[in-house]
Structures are given as C-alpha cells and as structure tokens.
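What follows is chain A paired twice: with chain B in the first complex and chain C in the second.
The block that comes next holds the complex of A and B.
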C-alpha cells in the first residue's frame, strides 16, 4: 500500500468523526425528553415512550438511513446524505441513551430526593446540585461505550455516499483492486479513533470517582 | 389499499430476502458462539501465545465495524487467494464479530460462577477439562443466556449490512424493488416492519426471560 492510498483513507476521518459527534449530540438531547416520558407518571406517555424506544431499536440503522435518504429523500423532502446519516443514527442513539439515562435515574436512591425536599431545596437546585453530578457519573461509562459503538455504526453512511473512512476504503479498493490492506487499514483507523475516546472516558471517570471516594 | 397491494405483490421477494437474512444470522451464531466460548477460555489461558492471540482476535472483532469486516472478507480476501461467495463472506465476517462480542458476554458469565465450584470440582478429582465441561461452562452459559439472546437479535439487524456485499438479504431485496418501481418509501417501510416483526417480539421475550431468571437469583 502506498502513501497516497493511506492518505485517501485518512481523509475520511473528519466525516467519520462529524457523523459520530452529530448523531451522538442529537441522541443525547432527544434522549432527555424520551427518558422523561419513559419515567413519567402518565401511563399513556410511558407506553408511548416504551413503544418508540422498542421500534427505534428493532429496525437496523441502515434501514432507518435508507428510509430517510431514499424513502423520504426521493421526492418528499430534500434530505442530503450527511443529514440523513446523522438523523438516522441520532434517532437510534436517542432510544439507547434514554434507556441509559433511565438506568442512571434508577440508580439514585430515593432517599436523595426525600432528603433534598426535607431540606427545602429549590427544585432546580436539587436537579443541578444533587442529581446531575450523580447521574453523570453513572451515565458516562455506558454513554462512552455507546459512542464507540456509534463510531463503528457511522460506517453505514458510506452506503449513501458520505465520504468517510469506509467510503474512501471502498473507493480505493475498487480503483486499485486491492481490498486486503485497504480494509485492514480502515478497520485499524476505527480502532485507533476509539482508543482516545476510551482513554478520555477512563480518565474523567477516575477524576469523578476520586471526588466521591471515601 | 394501494400500499397493501404493493406489499402483497412483493411479499414473496421480501420473504426470500428475510430467509437469507435469517440464514446468515444462523450461520454467524452457530459458528460465532462456540468460537466465542473458546475465546473466552483463551483470554484466560496461562499460555501467553494463546492469551495474546485470543485477545487480538477479540479486539479486532469488536473494534472494527461489521461493515468493514464484511467488505474485508468479500473484497479483500480474494487478493489473498481466498474467494468467498457473498453468503460465505457474510457468514465468516459476522461470525468473527459474533465470536468477539459473545466471548466477552460468556467471560462475564463464567466469572459469575463462584470460585468454590472450581475448587470443589478439583477436590472431587475432576480434571481441568472435565471441571470446565460439567461444572463451570454449563453454569456460566446459563448466566450469559439472556445477553446472548439479546446479541442474537442485534446480529439479525447487522445482517442488513450485507447489502454492501450484494447478498440478496431483506434490505437488498427491498432496495432492488425500490430501484425497479421507484417506490422506495413503501418498500423500505415494509422492510422495516418485517425486521420489527421479528425483533420486537424477540426483545420482549428476552426481557421477560431475564426478569424470570433474575427472580430466582435475587
């Protein structure tokens, strides 16, 4: 494999990262109302959220992507390849993160709410000072491993023509008829990108754990 | 009504695709899960060579996207003189991914078996292999079962990636019908419904199983 091939595959990394970050941000935000519905007092909202989460997770990411790009994109609404990739992966991410958020909420002892109420803390302050610091600690490890999974799922964007790593690998392998090294290098890139994400997560987790260490 | 007719018209093609999807899932699981068990034992092996090669195999399988694995098997391996059909390539690539992920699930299951079981087995004169075969592995697999089933559902979904290597599975069939009729939205909706019709009940069944298993251990 020559340097040029290597550089072409390398040039896909910004899009791979952009799609991962875009979809994760969308999912992290949409996951909040979805989780709120999932744990709400209203039975209808709870049922709706459960169904939405179940359906989002039961249909493969690439089917959502095609549905948006070829289905809605052809004639109904103009959706570009990048937007549809981010939206498709973002929707699935929102369902998965909503479940992660819910697990974190469940892990906070009910006595914490009761104690904060007993101390007559304002609602916002309970949320900001008591809940969020504890939630983040629980959410962070699962959210980062989900993000690493999402990074790998972002490879499906190549099927609609986003010029990210998998697309570039495909492009050069077709041009040069040498798939072996090309796909090996592309796979290695994904592993290499996921390493710093995991390292940062481990570091932050350590710092946060140290704060509560007894 | 048009929509239903359109769906019925294409039902046979879609069912053919779904069968291929299920076959690939089956092949990946049948090869991948036993291999996952071997890898789970391999990463705990005392021999360094076995331990490191198992770890490398697992890390590559979990670290590289399934799509890249598929394309590596289908477009890359011929260069090394191994030409696989799209079905064989899909089975090989997804079995690798399956074995890597299930090895971690099975390892967690094996670790959940109390250490005393191993000691007791040795005390009554089991060989290492027999202790694994009759004592540790059966109990560990029982713990890992719900997670393995959950993973199997994800694997069925992952077969949709085989679109990229021209395997005539469900999504490829839907896309082909879409290209021929320009009715992308209805046919992709149908494909989504077919995936959901398997994955939704399966997910519910797995969570029920999980609940009934945890009832006894709690």
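The block that comes next holds the complex of A and C.
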C-alpha cells in the first residue's frame, strides 16, 4: 500500500459523489409527479403509478443498468456509462422517494388541509407555506438514509467502466495482487462520505424537531 | 358564566357595535361602558338561510330536511347527541362538506346542491365564514404570530407589517400576547384554541362557525375559550356554535337548535328550548346531559 494506490482510489471519489448526487436529484424530482399520480383522484393514473413503482423497485439496480447500457445504449441511443448509471439509479430512486413522499403526505393531519381551506388560503400557498415545510420534516430522515444506501449502490457503476471508488479499488488490487488493504481503504472512503450526510441530516432534523416537537 | 367575564376580559372593537347593541341589556352594558351613545335599534339582516338541506355519504343519510335561518348578530347553539349531524351541518355551511340536497345562502352567496359551487363562490363563502375546529388545527411549523398573520397576507393581501400588527392586537385580546413568538406545541389546548379563534377573526369574517371548540379540552381550559367566545358574542359577532356546553347554550346563545338523527328536533329562543323542550327525544337528551 503506497501513496499512489491511495491517490488512485481517492480519484474515484468525485465520480462516486457525482453518480450519487445525480441519481438522487433525478429521483427526488421525478418522485414528485410519480407521487402525485399515485395519490391522484383518477384511478387510471393511480394504477399506472402503482405499476411503474412496482416495476422500478422489483428489478435489481444492476439489471436496470445493464438494460440501459448494454441494451438501449448499444443499439438505439448513445448512452454513456455515467449517464446509464445515473439514469438507472435515478429511476429506482424516483420510485422509492415517491413512496416516501406518499407516506409523508399521509402523515399530515387532515385538519391541516381543512384549516387551510376554511381559511381560504390559495392553493399555491397551502402547498408552499403549509404543506412543504411539514413534509420536509417527515421526508428528511428517510430520504437521507436512502441517500446513504444510494451512495453504496453507486458502486455498481464500476461494472460498466465508470472510474469511481469501487472501480479504482478493483483496478489497483488486480494490478498489485493485493486485495485486503485496497478494499479496506475503499470501504473507509465510503464511510467518510456517508458520515457528513448523516451528520447534516441529524443536525437539520434536530433543529426542526426542537421547533415543532409534538 | 358570569365570573368568566372578569377572568378573561376581552373586547373586539373591530366589530360593528350596531350589531351588538340590539341584542339585549347585558351586552349593551359591556359595549357601551365607555360611551354614552344611545343604542340604535337596527333591522337585523338574515345572514344564513338553509332550506331543505340534506347530506348523504353514499347511501348513508347524515342530514335530512334541515331548515335554518340566522340573523346578523345572533348566536345559535346547535346541541344534540353524538352522531346527530351537528358537525356535518356546520361543515356544509362553509362547504368543507358539500351538501347533497337543498340550498344554502350565506352572506349573500347561494349554493345549490343541484349545481357545483364555482371557485369564486367558494372563495367568497369561506371569506365570509370563519371556522374554529375541535382539534384547533394550528400550523405546527409556524409560530403563534405567523399562524395568525400568514393567512391575512395570503388571503387578504395585507403586508407583513400590517398583518403582524393586527395579529398582535388580536392575540392581546385573547390574552396571549406573550405567546406570539412561541410555537403552538408550547401552548396549552385552551391557548391553542384561543389562537385559532384569533386566526379566524383576523380575516374579518361576517360569521364565525365553532365546531365543538371545547370538546378536546379539559373543563378548566374550556372555560377560557368559552370566555373569549362570550366576549365575542357580546361584541356582536354572528356565531353558530356546535357544542356540548349546555350552560353556554342556555346563557350566551340567543337561540338553540336540538338535533338528533340528522334532523332538527326543536329550534327556538334558548331559554324556552332549554327549559321547556316539546319533544320526548329532546327532553330525554337534555335530562341526560343535565344529570351528568
């Protein structure tokens, strides 16, 4: 284990973070319309959302990735390894976050809606001023633990050649015929990245809880 | 109830004193304390009219053939056993539950079950009617001041400074000026309900609807809410109060309506309905609640 090995693995971190953040952002945004469909008044939309969520979540991430990269990417569209990884993980994330959003919506007492309507608050204000702040509080803990899970799942991008942490570790270990230290270092990096995510989440949750503890 | 008045004296100068002055001797004293103006007798306008109202959930009939009028400045108490449809009736009045039969006219807005209410009608209706819920329903993520202030800014377009000033004045009047910067969880149930009353009043409603405002409170905390409501009534606010507080129904309201099984059993001046009910069912109900 020398400094060069260490640096090579270190050089994977930007890609690991990029895939995690990219997939999470995509999922967080796509999860909103998916959740809206899931709780829609229209039966068809609800059914469609349920099926989309079921399909997205039932198929393992690596199968989605290969489907995109080797399937669609090789024949129909030009999809690079990074794009495929972000899209595959992002799609699965959208399904999971849609369900987290839905749980949060359910957790808001019906009285909050009734009071808002009885006060005659405009729609956008009910959403922006009343619902979103309360939803964020409920969503944040589950969403951050999901994000930490996603960070670890981002390692599957190594299978299509994205030079992130797991790929670099694998590369170094093959070259130097040593696995233990190399993968231990990679593992340590994953821990180091997830610690600040958890810390920020705990801090914000604490602040919000102190304000509106029930 | 009389000692309550001193415990928690509040006045609502924003209200039209003409409305208040016609109600009777007690209130004339309170609103005229610092003035020597002779009370004017004014014609009280009808503010609510409900004709042949019905409400069903699926095949289950909750309300049937309800007729009701409330004049400006009147306080109507609606009492009756649980499940009699009292709350549903109140919720129909501001269309949290649209009725399935009949016509509601409130503050000049007419809503017919036969045709769906337009967005404008709903807005006008809810603007005219303030509502106070059994479970308070304050916004937990906003401070007490923001709870009262934000709806004014969003609904009436008042500036933040203006809304905050009015909110502080209202909180002062419900005796909670010192709680302005707290979050609702830090307030007792009675305080939360008084904040909810201030929040509804801040939008200058023409009529206030109370849906069992003290049912979620222990008796002592209920008293402070009733005191605020009494002051509000004396200041001339038109109120419809669904309640289990018999003393309030008898002494503060002008009229009482007794409901059972989705119908009106009796309706009339509070003294006569409460003391001398005509129907057997109403007699039984009043006896039961009195003997508690």
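Here is the rule we go by: the second predicted complex is superposed on the first by the 212 of 214 C-alpha atoms of A that agree within 3 Å, B and C clash if a C-alpha of one lies under 4 Å from a C-alpha of the other, contacts with A are read in each partner's own complex, and residues count from 1 in each chain.
The rule is short, and it goes like this: a residue touches a chain if its C-beta (ideal position, glycine included) is under 8 Å from a C-beta of that chain, and two chains touch if they have at least 3 such contacts.
Not measured: the values here are computed from a predicted model.
Student: May I ask you to name which of chain B and chain C touches more residues of chain A?
Tutor: Of the two chains, more chain A residues are contacted by B.
Student: Under the stated touch criterion, which partner chain does A:137 make contact with: chain B (first), chain C (second), both, or neither?
Tutor: In the superposed model, A:137 contacts chain C only, not chain B.
Student: With both complexes overlaid on chain A, does A:63 touch chain B (first), chain C (second), both or neither?
Tutor: Only chain B; A:63 stays clear of chain C.
Student: According to the stated criteria, A:179 is in contact with first (chain B), second (chain C), both, or neither; which is it?
Tutor: Touch status of A:179: first partner only.
Student: Looking at the overlay, what does A:202 touch: chain B (first), chain C (second), both, or neither?
Tutor: neither
Student: Should A:115 be classified as contacting the first partner (chain B), the second (chain C), both, or neither?
Tutor: In the superposed model, A:115 contacts chain C only, not chain B.
Student: Sort out for me which residues of chain B touch chain A in the complex.
Tutor: For this pair, the touching residues of chain B are 59-60, 63-69, 71-72, 74-80, 153, 157-158, 160-161, 163-164, 171, 174-175, 178, 182, 184-185, 188-189, 191-192, 195-196, 199-200, 203-204.
Student: Which of the residues in chain C come into contact with chain A in the complex?
Tutor: The contact residues of chain C facing chain A are 94, 96, 123, 126-127, 129-131, 133, 135-141, 150-151, 154-155, 183, 185, 196, 199-200, 203.
Student: Taking the touch rule as given, give the residues of chain A at its contact with chain C in the complex, in rising order.
Tutor: Checking each residue of chain A against chain C gives 109, 111-112, 114-115, 117-122, 125, 129-130, 133-134, 137, 208, 211-214.
Student: In the complex formed with chain B, which residues of chain A make contact?
Tutor: Residue positions touching the partner: 54-55, 57-64, 66-67, 70-72, 74, 76, 152-156, 158-159, 166, 169-170, 173-174, 177-184, 186-188, 190-191, 194.
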